[in-house]
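The structures considered in this document are given below.
Shared between the two complexes below is chain A, which pairs with chain B and chain C, respectively.
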Partner chain A sequence: MQPHLATAIRFVIVLAGVSGLMVLVHRGLRLLNVRREAATGYALITPWLVGFLVFTSFPMIASAYLSFTDYNILQPPNWVGLENFRRIFTRDIDFWPAIRLTLLYAFLSVPIGVAGALVVAMLLANDLRGIGIYRTVYYLPTVLPEVAVALLWRWIFNPQAGLLNRFVVPVFRLFGLSRPDWFGDPTYVLPAFVIISLWGITGVNMVIFLAALKNVPLHLYEVAFIDGAGGWKRFRHITVPMISPVIFLQVVRGIIGALQIFTVYAFTNPTPRAGKFMSFYIYQTGFQQFRMGYASALAWILFAIILVLTLMVLRSSEMWVYYEGERK
Partner chain B sequence: MVRRIAPVLVLGMLISGLLFAGGAAEADPDAPVEIRLATWAGASEANELQEILDELNDRSETYYITQESSPAEYYTNLQTQVAGGTAADLMWLDQDNLIDFAARGALLDLTEMIEGDDHPAADLDGYFETPLERFTYDGRVYGLPWISMPVMLYVNVDHMREIGVDPEQINDWTWSEFRDAAIELTRDRQGRTPVDSGFDPDDIERYAFSMVPGWPPIQQWIWQAGGEELTEDLSASPIDSDAALTGAEFIYELLHEYHIAPSQSIIGDRGFDQMMRDGQVSMFMGGAADDLERNENYEIRAFVLPAGPTGSRANWAWIGGMAIWRGTDHPEIAYEAFMDLSDAIHHWKVPSPRIDLANAETIIELQPHKVDSAENIITSLEHLRAPNLFPGYSEWATIFGERYVDPIVRGDERPADIASDVRAMLEDVLEDYR
Partner chain C sequence: MSTVQGAAGGKLAWWESRRTRDTILRSISYVVVIAGAVVLTVPFLWMLSSSLKPAHAVFASPPEWIPDPVMWRNYVDAWTAMPFTRFLINTVFIIALGLSGELLSCTVVAYGFARYRFPGRNVLFIILLSTMMLPYVVTLIPTFLIWRTLGLINTFDPLVIGAIFAWGPFHIFLLRQFMLTVPVEMEEAAIVDGAHTMQRFAYIMIPLIRPALLAVGVFTFQAFWNDFLGPLIYLNDMSKYTMNLGIYFFMGGPAEAPQWHWLMAMSTMLALPVLVLFFLAQRYFIEGLTVTGLKG
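And now, the complex of A and B:
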């Protein structure tokens, strides 16, 4: 049998199976006297629910189990209890440098990224002639594949022929510093990635801020203007509070994204003497050294860090995020 | 109406799909059995391999081999397929990974099958010792090598003549002659060499050599100096011994005192071997199968590696081979296909790990552009050496590469300053796997 025919048959079987399941869910719920509208809703989300359970929940539960095992893929997992975690925290020579690099990157890149995206969005919020073209141009970076962007940055940071060093080297020489080797010298690796993160200023982040800025009621600015408020005061006391839910969203998204940085690191191949980002370290341990149990433990630690930081931001949001119409 | 029809329709589709699939799965017992072959072959290599497979498939009445090539993330795919019970019957493996797969029970033990086999590829006495050793584990044979590739010193002969070096002498070089030539070949844009006053290491026009962390393997210089990076009994990593340090310090000196090689950033942009092809680099260490001799602008030839202080020309062997998945449904037929294909690849890839096929005539016949390199390739086979491997070698190699090689090659750490600390890290890994 031709391989494509076999694939087509499997596709039909899966399609039929999922359709059958939807019908069964609908029938079952109706037998339980669930309202027709609700039963239809549940039936319609069944395919997504099945996908979520099979491709997201199950791997998460499996990786939680594997983090307590010694698992090399080729042999069944061997239960080792907390050994992976003990080793990570006490003996792993790469773990703490990876945590340090990843957190430093997040703490530096997220504020710069959020502030930068807001500034660009404010510029693009002006109703000037041809502003649509600018908005399109600023959004273009988003449609580029991440790998292509990584290769582009590799060229920009090239010590000899790179664009950045053409501007930077004369300044460095004034201070008696040698030509920076951005990915080869551990001193410059973190700054290089923070600069690369500026790429995120444009694109989706900018568009979200732009939408938020456009939703700030104009009459608030008019009233402030009449009361004699200047540009900075209007920004500080109207714009920021009104878009604070979006800033909160961007900070949370930024933290999660920064802590999971992978592709650019993998394709720019910086010196490991600067440490490795956690996601890359997890990949290296799991898929290059085939220590899946250990890699799962690392992944859960990264998950815990992301969760804690997100909860901290969430908790702090009560102090600085303003929701219109919110009652306390 | 629709509500009544829908379940029936779905059920009908399910049943018809299952029947269709079931019917398709029925097989003619006399028909040749499909044997799947997993490879890392890229497009052109896969096309050449397919021609071989077509010939074998035409001849065989018991099997037909289908090729499943995945050049990217090959070992990740392979491990996942083995774990999922869907691996190919035959699989290409290199020396680094064979031990892992064999030790973890993923490969068929071929020892007994080979003993009673008179197939030309089954004559184990006909193989070079090093490549065959790397396809055995715990005294059992888990695969057969199909290529045994030494590292060669590719030299731009035109550049050598330019600095007054007779190419015929290169095979007799020691480290010091290699260093002297490298210094003479490296030129900045003002034509100054690294020992001339005013030499500008930031403005080099032509480099003598090319090196990145990991290639050529620093282990070669350690071995040539009489040192070890990993003892044969896998008990120690004495990279801080005097001999081992001599090898690593030689590399440090070449790279950081004489600046004979471009930085990794330059190599990354201009291409590792491409710089050699373009005449921007004069000497390059590559595998014997590399085709650097195909060059319209320069005469490039492969020579044996320069001898270290002990007289050793030990070179890093890259050994590729094939094994049979333990979970195959047809072990006997898979073995038959494995043997036929191994033999066919031995007549395709050079240099062959088989003594009778590894000769200059075969190399020239298969790759005519290697006419001036063939004898040197055969000579290099005598100096082949493979690393001492163990399950978990990749973890050891990561530390060796990141903590020792990268700081020396890419940074400017002196080997003597870091060797003791790195040794402790490496031996920590050995302890875990002992």
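And now, the complex of A and C:
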């Protein structure tokens, strides 16, 4: 129990330190004649502010710096300029396959995931009998631990005895294809991960869509119905615009999540010949080979990709996202 | 009424009537919803079934859904194959500290953002929201280096101490949204009665936002229970492993043939606490997701 006790003691010390800091911030600001309300406000957000500076801002800057260095932890970082990036783009045999797999996965899983979640949410928004039970079942993928799910998928995709192949093999045979080795054959790795993401459709996204659908005012549908709008038109011209801010948020969250998939990959252990997911490649480079500079450069490339994609969605959102309170 | 007046005023055939169409749509909805429920539960049942089979039956073809004999022993065997009791203690320890740190700090910070006006508040809050979008891979390496400089690699500290600094922007946001719905008058009444900030916070705000606290509690529990990358990077000694890390090494490398009946037993045991928690706190869980999802 030695390590536990040590951590617990340090935890309490840091906790006390942060509380003390809050008091100090308050006293100090009061001495500087800051309004009481403002001083209390700053004091209350101190824990986050310190965390933001120490665990977000500083690491961001540090990792930007490291990406221009060669750093193996044992010797101090050695400035190499753009060498890491030059190497990544021209000589790294793992980089392009990793980018390809990661991006393809995001491009396939995000649209399917968001559209699928919306469809399922619309089905579950109906007042069907026993809907409570179905909803609970549909929450399963959100609730089950990632590691348990990843292990389960590895077993389901098992080429010999996995559940999936017991259904798939006869179909494949009809088309003259042999038994798919999902994680062993590079051809099937991407489809396997897309199938896994399909199962997750009913996760958090669906819960949020379900709530969003309930917030669409009923009278809009009634008016449209009186005007003779059919089901599809009501969906297209009422449902979609009204929940478009939520769709937008889901797309952005989906992109960020899909580009950083890690745990499922680590536990299913697919053949590296299909390419590795970027976050796993970064982990290997940084924490198994201790090439921290190179890994930081990779991380920044991934960050840039996420940023560009998010900005693209943001740009396009002006055309299709409707905010009710907004005036133009 | 066998025919209905259409929108244009003409008579409609029976298959054009609203009621028939409704019935058809409803039946389709039922079929799809039930089919979906089956697709979602079958893998889960497969996990349970595999976990109770004797080793040789796992690969049987055609598959047996009902294990015969039912091997409850798999659970004991899997659990004792590695020091999982120790891993569980470590995990619970991490969750206990992380959860208390996260709840304390996030509520305090959320209270500041919800109730106090100070210069730069909105800018800071937008910064806080934008950190939600920040990919973890960018800060991963320098954060590791910070802990390494402090000499705290291979301790639990990197996994729990950050929680004191409110590291879940999502949780702060959720709590703040909830606090904004509490009428200010209640606190003003307390001010008249002479209550200072911390008293108002503890005796008025906290009891009123209990559902949000429970939601954050459930999310934090889930986040720690699911965390794999953190322990993988920071913990080296097997005696310090968490459940997830233990299972990862229990699974064996790519070359080894995993013991599927044991692994499925472990998966089931890993899922069980979260499932129980979910059924107990389902309402808060859904409410929490809803608040943050809609007002983001």
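Please note the rule applied: the second predicted complex is superposed on the first by the 314 of 328 C-alpha atoms of A that agree within 3 Å, B and C clash if a C-alpha of one lies under 4 Å from a C-alpha of the other, contacts with A are read in each partner's own complex, and residues count from 1 in each chain.
Just so it is clear, contacts are C-beta pairs under 8 Å (C-beta built on N, C-alpha and C of every residue); 3 or more make two chains touch, one makes a residue touch a chain.
Keep in mind the model is a prediction, meaning the values are calculated, not measured.
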item: First (chain B), second (chain C), both or neither touched by A:Ala98; value: neither
item: First, second, both or neither for A:Phe287, with chain B first and chain C second; value: both
item: Contacts of A:Trp155 with chain B and chain C, given as first, second, both or neither; value: both
item: Chain B versus chain C as contact partner of A:Met242, first or second or both or neither; value: neither
item: Which of chain B and chain C A:Ile88 touches, first, second, both or neither; value: neither
item: Which superposed partner A:Gln75 touches (first chain B, second chain C, both, neither); value: first
item: Which superposed partner A:Gly20 touches (first chain B, second chain C, both, neither); value: first
item: First, second, both or neither for A:Arg10, with chain B first and chain C second; value: both
item: Contacts of A:Asn269 with chain B and chain C, given as first, second, both or neither; value: both
item: Dominant contact partner of chain A by residue count, chain C or chain B; value: C
item: Chain B/chain C common contact set on chain A; value: 6, 10, 15, 73, 154-155, 158, 160-161, 269, 287
item: Complex contacts: residues of chain A adjacent to chain C; value: 3-4, 6-8, 10-11, 14-15, 18, 22, 35, 37-45, 47-52, 54-56, 58-60, 62-63, 66, 73, 120, 123-124, 126, 128, 131, 134, 136-141, 143-148, 151-156, 158, 160-161, 163, 166, 199, 202, 204, 207-208, 211-212, 215, 228, 231, 246, 249, 252, 256, 259-260, 262-263, 266-267, 269, 278-279, 282-283, 286-287, 292, 295-296, 299-300, 302-303, 306, 310
item: Chain A partner contacts - residues on chain C that touch it in the complex; value: 7, 25-26, 29-30, 32-34, 36-37, 39-44, 46-47, 50, 58-63, 90, 93, 97, 101, 104-105, 108-109, 111-113, 115-119, 121, 124, 127-128, 131, 133-146, 148, 155-157, 160-162, 164-167, 172, 197, 222, 225-226, 228-229, 232-233, 239-240, 243-244, 247-248, 251, 254, 258, 260, 263-264, 266-268, 270-271, 274-275, 278-279, 282, 286, 289-290, 293-294, 296
item: Contact set on chain A toward chain B in their complex; value: 1, 5-6, 9-10, 12-13, 15-17, 19-20, 23, 27, 72-75, 91, 93, 154-155, 157-162, 179, 181, 183-186, 269, 271-273, 284, 287-291
item: Sites on chain B touched by chain A in the complex; value: 6-7, 10-11, 13-14, 17-18, 20-21, 24, 73, 76, 79-80, 82-83, 100-101, 104-106, 202, 263-266, 268-269, 392, 394-395, 398-399, 402-403, 406-407, 410-411, 425, 428
